[in-house]
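Given below, in the form of structure tokens, are the structures.
Common to both upcoming complexes is chain A, partnered first by chain B, then by chain C.
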Partner chain A sequence: MAERHCVIIGNGPAANEAALTLREKDTDLRITMIGKERVGCYRTHLLPNYIIGKTREEDLYVHPTDFYADKNIKLRLGQPVKSVDFSKHEIVLDHKEIVKYHGLIIATGGKPRIPEPFLVFSDIFLTLKTVADANAWIKKLKQIDSVLLVGGDLTSFVFADALIKMGKTVHFVLNDESFWPIRCTPEIFNQATGALSAAGVQVVPCQRLKRLAVQSENSVHVETDSVSLTVGAVGAFFGLRPDVSFLARSGLTIEAGIIVDEHLKTDFDNVYAAGDCAQVFHPELKDYWVSIGYSNAKNLGRIAALNLLGGTFEAEMAPTKIFQMDGIKFNTSWWTEF
Partner chain B sequence: MSIIDITVEVCGMAGDGTIAAGGLINEAMSLAGFSVLGFDSYPAEIRGFGRCVTRSRIGSSDILALADVTHVLVSLDDEQSISRVPFLSRPATVIFDNKPPGYIEEAQSLVAKLEPDTHLLGMPLHDLAVAASGTARGRNLTALGGFAAIFGASPDFFRQVITKKFKRKGEKVLASNIMSFDAGYNYAVEQFADRLQPVFVDATQTDTEKVMLSGNEAIGKAALDARLKLYFGYPITPATPIMEYLAKHLPEQGGRVVQMEDEISSIGAVLGSYYAGARAMTATSGPGFALMTELIGLGVMAEIPAVILDAQRGGPSTGLPTKTEQSDLHAAVFGGPGDSGRIVIAPTNVSECYKYTVKSFQFAEKYQSPVIVLTDFYLDNRVENVPPPSSTAGEIEDMTIGPHKDVAGSYVRFEDTASGISPRSIPGAQGFNYVATGLEHTKTGSPNYSPEVHMSMTEKRFRKLETALQDDLPKPKEFGASEEMDLGVIGWGSTFGSVLEAVNLAKQKGHRVGALKIISIFPYHRKEIKSFMAKCREILLPELNFSGQLANLIGPLHHGEIIRINEVTGVPISPATILFKIEEIIAQLASSRVHDYQN
Partner chain C sequence: MSHDKSSKAYSDTPSQPEQKVFYSTDPADFFYMSVNVPCQDYCPAKTNVPAYIRAIYESKFSSSYEINRMVNILPGVLGRICSRPCEDRCRHGEKELGRSVNICHLKRAAGDHKSVGHIYEHQLFAPNGKRVCVIGSGPTGLAAAHDLSMTGFHVTILEAYDEPGGMLRYGIPDFRLPRDILTSEIDAVLRMGVDLKTKVVVGKDVSMEQLLTEYDAVLVSTGCYASRALNEPGEDLPGVYSGLEFVMEVSAGAKIDLGNRVLVLGAGFTAFDCARYALRLGAEDVSICIRGLEEELTVTADEIHEAKLEGIKIRSLMIPHRVVGESKVEGMEFLRSKPGEKIPNRKRKVTPIPDTNFTLAADAIIIAIGQSAIPIPAAAETDESGVLKTDPETFRSTAKGLYAAGDYITGPSTVIDCIAAGRKAAEQIARDLLGRKFREWVVSIQETKITDRERSWDYIPRVEMPKVESIEERLNPPDTEVELGFSNSESLEESKRCYLCYLHYEIDMNRCIYCRWCIDEAPRDCIKLVENVTLNEDGAVIGLTESSSWNKVNAVVIDNTQCIRCGACLRVCPMDCISVSKVQLIEKTVSVGEQNG
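Entry: the complex of A and B
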């Protein structure tokens, strides 16, 4: 490879910020972004409004696709990565293409998290992380009148509000798994219940979903430890988990995310991770934390890019926003905003 | 119902079954009732390496030319398909093998070169074909299955055309191909459920029952329908398929195809046959045509009919055997020594290939002249679905004007008539024998080199061409023309389709433009062409040659310089290229109007 080639795996806010930073700092660098989704970077928080028709699809996207060509950044969409061979500096794509790199930033973000007790219902749940998910909801909502939401991340609250505005009947299960990564305290539970009820949502207090049975294409029977009801669809909103399964045999250290130091560097030279997929060492806490949220991701993307180019910047410290859950510390930009 | 206009390319390495796959798309979509124009490009070498590309434009209404962009690319070979990326629409759909037998480097990856808005539809073509039929040979059909499923084309039409193509190879081969197709179809239906683009399902279809023909097949069929007796030829791209077609079918109606040792003997045999009264033709391309010029002169001088098809390709010399060009016009009109006037006609589409091949025999016989039918690689090899061509008895009858029986014994073979057409007898008829010679001769055929004889006989030979022009040769036809136009665009041969599409688009944009189609290249209708030119402030003439050969020929008819588009790229001129030039000229005219006004 005559020219220096930096590859970014991912196409979310961290990946985009990384690519733009690389270009800003080095006009000669060859930059490739490889995303598995078939659409460009979009504003996830607008998806509920997109579903109810308040936001046009074109307004979801952060940049038009030609923006990247103008920046001399090769954007490759709909091309999942199958594996990475760090010793050979090679990325293998799902369609058996080998892409060589000099520098690599992994910014694959997260994918919907389904907690262990609910895994058996995975096929029934609808999630809302991607534009494709949103399109699936749009299609489904045309045929149903009621929805049950389980979980309790920020998206679920915005989505519940949107569904009410659409005239749908919304049931909401609040239990210990809600509000992940925040531990659901009685105080939070009461606040959330009050807010949801005021908005017209029917809160279902329960500890356990006992049974979900698909009765027809648009009818799901739900049994909890407190009530039974029939709804048109069930949505799962338990936050995100790092989307790094393609790295399982790569030799990278992965726990709740890719383990990186405070400079976002992984175990391998010239390989960085940023955004929701990274588990970052916090020098003051002497511990690792996982980032969540759009602005956090952008910040980390920028730092990873700067450090890949030789910088020694540390990931932004924001201890007041760091929460602990199941032994993992989380930096959430959205939760405090909520 | 919606109007569709979609261009599909299949691209692969020679041996991948690319041309077969493209042909099946054409046949199936024609069967489904759509208008189709297909064109293949392939390497000059026989097999084993080189890029093959088929392009099919499929529409709800008549298709005039290949489109400028490709909406769907079916890749059977990633590395070869990379060359097609610049021609893809935004967005485009690409069907490719996402599980090839080996790994590919980024530099050889088609996917790596695509724009981010491309609809990427990866299918394990190799694996599906092997699983379905035990061999990967059917992966082209697996890809077709994917294409049919994704775009909502009925699989039954594909199965019908696959059956038609492979039936003769036996049940096993046929079943294997059907299974390969079905594997791709079922995979796409299942895997791409949320990404299907069923454009063909609700599309408006043409209601005429049509047949799929290439230009060469249309020429071959025309020759058969015209009751051709003898075909003489020597194989050469792109004319060979005519010989192959006739070799198969001509004997069925009592005719013969003779492969000669070269093109000189081919034209010699055609002249000999026609001299003896048997309808005959030959077909060749530039290098072969060059060899024929001396004997074409004999046909002119001895006033013997001959039909010569020149399927033009890139030249000069061996040139670009599998690329298209319109650069034999000068050779066709002027090739050879002396003032050897002959008739040159150039059909512009597949239907006209049929029509004017039939006519060429009548022109040759009535005017006792070599008739050169000018086609080109693009026209010969492109396929169109056209209304089934046929001819009436009147259209194929022998037009020879024979001598009156009363002149037996005093027959004057080269009688100087008002029309320039002399009565022609067939040797052997008692009292009507004559000598045909390449020497200048008197009315009776005796060699004579006197100035008076040469002057009068040359004038007579050209006079009959004028008669042909007045009585029979197809007149130029105007399209969308008005009495006052800013720009007139003249087209001939295979380029005319692009001209007409560009002019139609320009008119939709409100421009004052019109088109003129010229089929009779020589002699040409001066009055009609001049009349069209007089209505236009400027004249544009696009052609696939470097020197502007038709523009050179008819240029003196125009009051100013003809504006030219001359391309020798080996590929057809696109409607977009012509439209771009039209708009550029219109803009210049508008700015000169402003300038004139200000002054």
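Entry: the complex of A and C
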């Protein structure tokens, strides 16, 4: 009988936990992880500290490079997946190589979310999700004194604090788009304004970013419906959205993320999704939810792996709080991790 | 080793002698066209896409407009609002070939840049003394009236509303379709001698019996003007609007105060139009609520993108359950939905998940979940809803001389579908009344030398339609046309991207020396060493059996379904054994002497 090959698309916490679980339960299984970034699994929440020099780059990484070889897990980095043909059990990589699989776990995580009305500013915005993003910030911050942050996810609060500690002037736009996936209520708005102001951040209350104009490499002119200002860079912090665009029209059911059942199984046999890219209907919550966060992702990665091996474990539903935004419920334990 | 013979120049210049044109009605040739020119095949009106794009490349915008107008009387309109089935099938959009050509917006460019003194080309048949009445002046009625008039009939259009155009005028927002463009293209139909009588309602101002007595034939093309109801509690509360009526009222100039929070129920173009109109009426929080998944919406990806860009949210997997409110709308209660199994080429079923009720607050709710035809009283067989029953091939009803076409019989479709249907109905009416055919589809085959496409053009990024970027400028004034149109140079650049799939490359095996230079030069797997060719029952090639053994190779064949018409093989061939012909599916006027039954 041919060697059974399980492939995991992704290299974040869900993907790594899935791979380790597979290896733990089946020592003979051929396991391949395919990540689109060129670096190993890292702790995203340490990136603000890395930018300001409080965390060393090597401390970002979860496992040393020889870890995967020791576990007999093939780790392929810097190889984006172009598409998946579920009928043929084939993964097509960007460089046109085809990888066959018997079992598949999709754990691609999230990518920075830019709301459509702000897409015209995409080329100007800097985001903070990857080590590459962090390195871009490090380079930029050496040349500028002021930053405007828009969006208002939790990373932006941590980052604003880090920037203040670096001695930078930080402007922070608060409006209805802030705090995604939580709806911005007057109460949250006032709390956030107070906390940011106390930390030395200049809060810009406005409803709409009207215009961003690059004046020079390190100068962006910003016009809002309330004020105009010039800053060195503009950071977009609108949260994350599931990174599943490469699966569009693949036959998978995709809404915000890949819709899976409580066992994290997709529409296709032996194909599971876990972590930030999976959207689960949970009978107790009576709604779909997307789990965000490191420990949630690890839990889901483990469950997907166990079920791929024949288990019938249900995705854990133990969020301390549920937030709802755009009709999607989010497991928010991530918010409490920082 | 380079085999390039740069001294050999090919062009499509007028100085070359005219090549003889052959016309074929062989089914194998029609099959070839359907496979090899997919853009034209998927256009319901069979627009000759490569020909009009090539004309734009040659800066012949007026010719390009007329090539469109041969089968589509509204190029300026469709260049803005077509559903673009052609672009889904454009070979440039195939896997590994990049993105489809911006066919629709090139059509608009043909209209925008045609000469000021543009001359319409008409092949007019002599008046035949017969009279036809067309009920409805939407795209189906206008297309039928135009063709019938060209065929020599005296045509009268009866229109229930104040102005002609039907859904084009009353169902499509002016920020997508400026009314001067529409009026100008309708005028081009009316000036053919078509009588237009507005504010005439058949069944009220005049009976069908009267019309059938007065005219030799009557064509019903009244479209779909009955809005489908939600049939859920609270639907009659103030603040609940029917999508179609809402769009029609706003299009007619009504200023409706919707409040801030608007929910639009529906997943089609009308729902998107309602949502974008709502923003222009001052609403700030507008959501389109759909039962299924955004990925499976049938509106164009561009439409979804533009709506989101303007700030509209699309909320999926929710089924409307009841309107919430006491004396007016306060919100909408939904149930979560579960997508069913995905079956190819079929709409996915979604089912409500019991006990998942949730409510979204709203100041207004617009229901745009579908439309149907309004029956017209007539002494002919009808379906259970009272709509005329017709033969889908002949458009004939059970009453002599009474025909129906377009959305009235099919339900809501697209504008280009309606134009195609109107033309087909016109041809059928003409044949029935005069006993002969006037136009027929043929495959024209003509030797040509168009090989001036450069391989580098395949890497030109798709030229996107320039748009008003500032959302505030879009909304003020609200009728600001969002799409700005291609400039002359943008049109030229985008036209270069078309592969010109109507060119047919062929190797003359009597002269081929099997040198394989063409295969070495080919940019992809488009020239094949073939052991056997499979034909269908009409004699059309449907398969090639390749061979890697030289002793089994019987021919070197250009696979036109893979060929990207770069001309590299032709330029490199040392034996000049590769020929190019222009094969086009065209509609040819049939003179009396050419009748073949």
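Quick note on the criterion: the second predicted complex is superposed on the first by the 332 of 338 C-alpha atoms of A that agree within 3 Å, B and C clash if a C-alpha of one lies under 4 Å from a C-alpha of the other, contacts with A are read in each partner's own complex, and residues count from 1 in each chain.
Heads up, the rule we're going with is that a residue touches a chain if its C-beta (ideal position, glycine included) is under 8 Å from a C-beta of that chain, and two chains touch if they have at least 3 such contacts.
As the structure is a prediction and not an experimental result, all values here were calculated from the model.
Colleague: Just from the overlay, do chain B and chain C fit on chain A, or is there a clash?
Modeller: fit
Colleague: From the CA centre of chain A, what is the angle out to the CA centres of chain B and chain C, nearest 10°?
Modeller: About 100 degrees between chain B and chain C, seen from chain A.
Colleague: One more residue to check, A:210. First (chain B), second (chain C), both or neither?
Modeller: Once the two structures are laid over each other on A, A:210 reaches chain C alone.
Colleague: So, A:251: does it touch chain B (first), chain C (second), both, or neither?
Modeller: Only chain C; A:251 stays clear of chain B.
Colleague: Please indicate which partner A:117 is in contact with in the superposed arrangement: first for chain B, second for chain C, both, or neither.
Modeller: second
Colleague: Contact-wise, after the overlay, does A:267 reach chain B, chain C, both or neither (first, second, both, neither)?
Modeller: In the superposition, A:267 touches chain C alone.
Colleague: According to the stated criteria, A:40 is in contact with first (chain B), second (chain C), both, or neither; which is it?
Modeller: A:40 contacts chain B only, not chain C.
Colleague: For A:77, is the partner it touches chain B (first), chain C (second), both, or none of the two (neither)?
Modeller: After superposing on A, A:77 lies in contact with chain B but is clear of chain C.
Colleague: Between chain B and chain C, what minimal C-alpha to C-alpha distance in angstrom results from the superposition?
Modeller: For chain B and chain C in the superposition, the minimum C-alpha gap reads 6 Å.
Colleague: List the residues of chain A that touch chain B in one complex and chain C in the other.
Modeller: In chain A, no position sits in both the chain B and chain C interfaces.
Colleague: Can you list the chain A residues touching chain C in their complex?
Modeller: Chain A reaches chain C through residues 116-117, 119-120, 210-211, 248-249, 251, 253-255, 259, 267, 281, 286-288, 326-327.
Colleague: Show me the residue ranges of chain C that touch chain A in the complex, using the header's touch definition.
Modeller: 293-295, 305, 308-311, 313, 315-318, 336, 338-339, 341-342, 353, 355-356, 358, 360, 469-472
Colleague: Over in the complex, which chain B residues touch chain A? Could you list them?
Modeller: It is residues 96, 98-100, 102-106, 109, 111-112, 114-117, 119-120, 122, 194 of chain B that touch chain A.
Colleague: In the complex of these two chains, what residues of chain A are touching chain B?
Modeller: Chain A reaches chain B through residues 38, 40, 65, 68-69, 74-79, 92-100, 132, 135.
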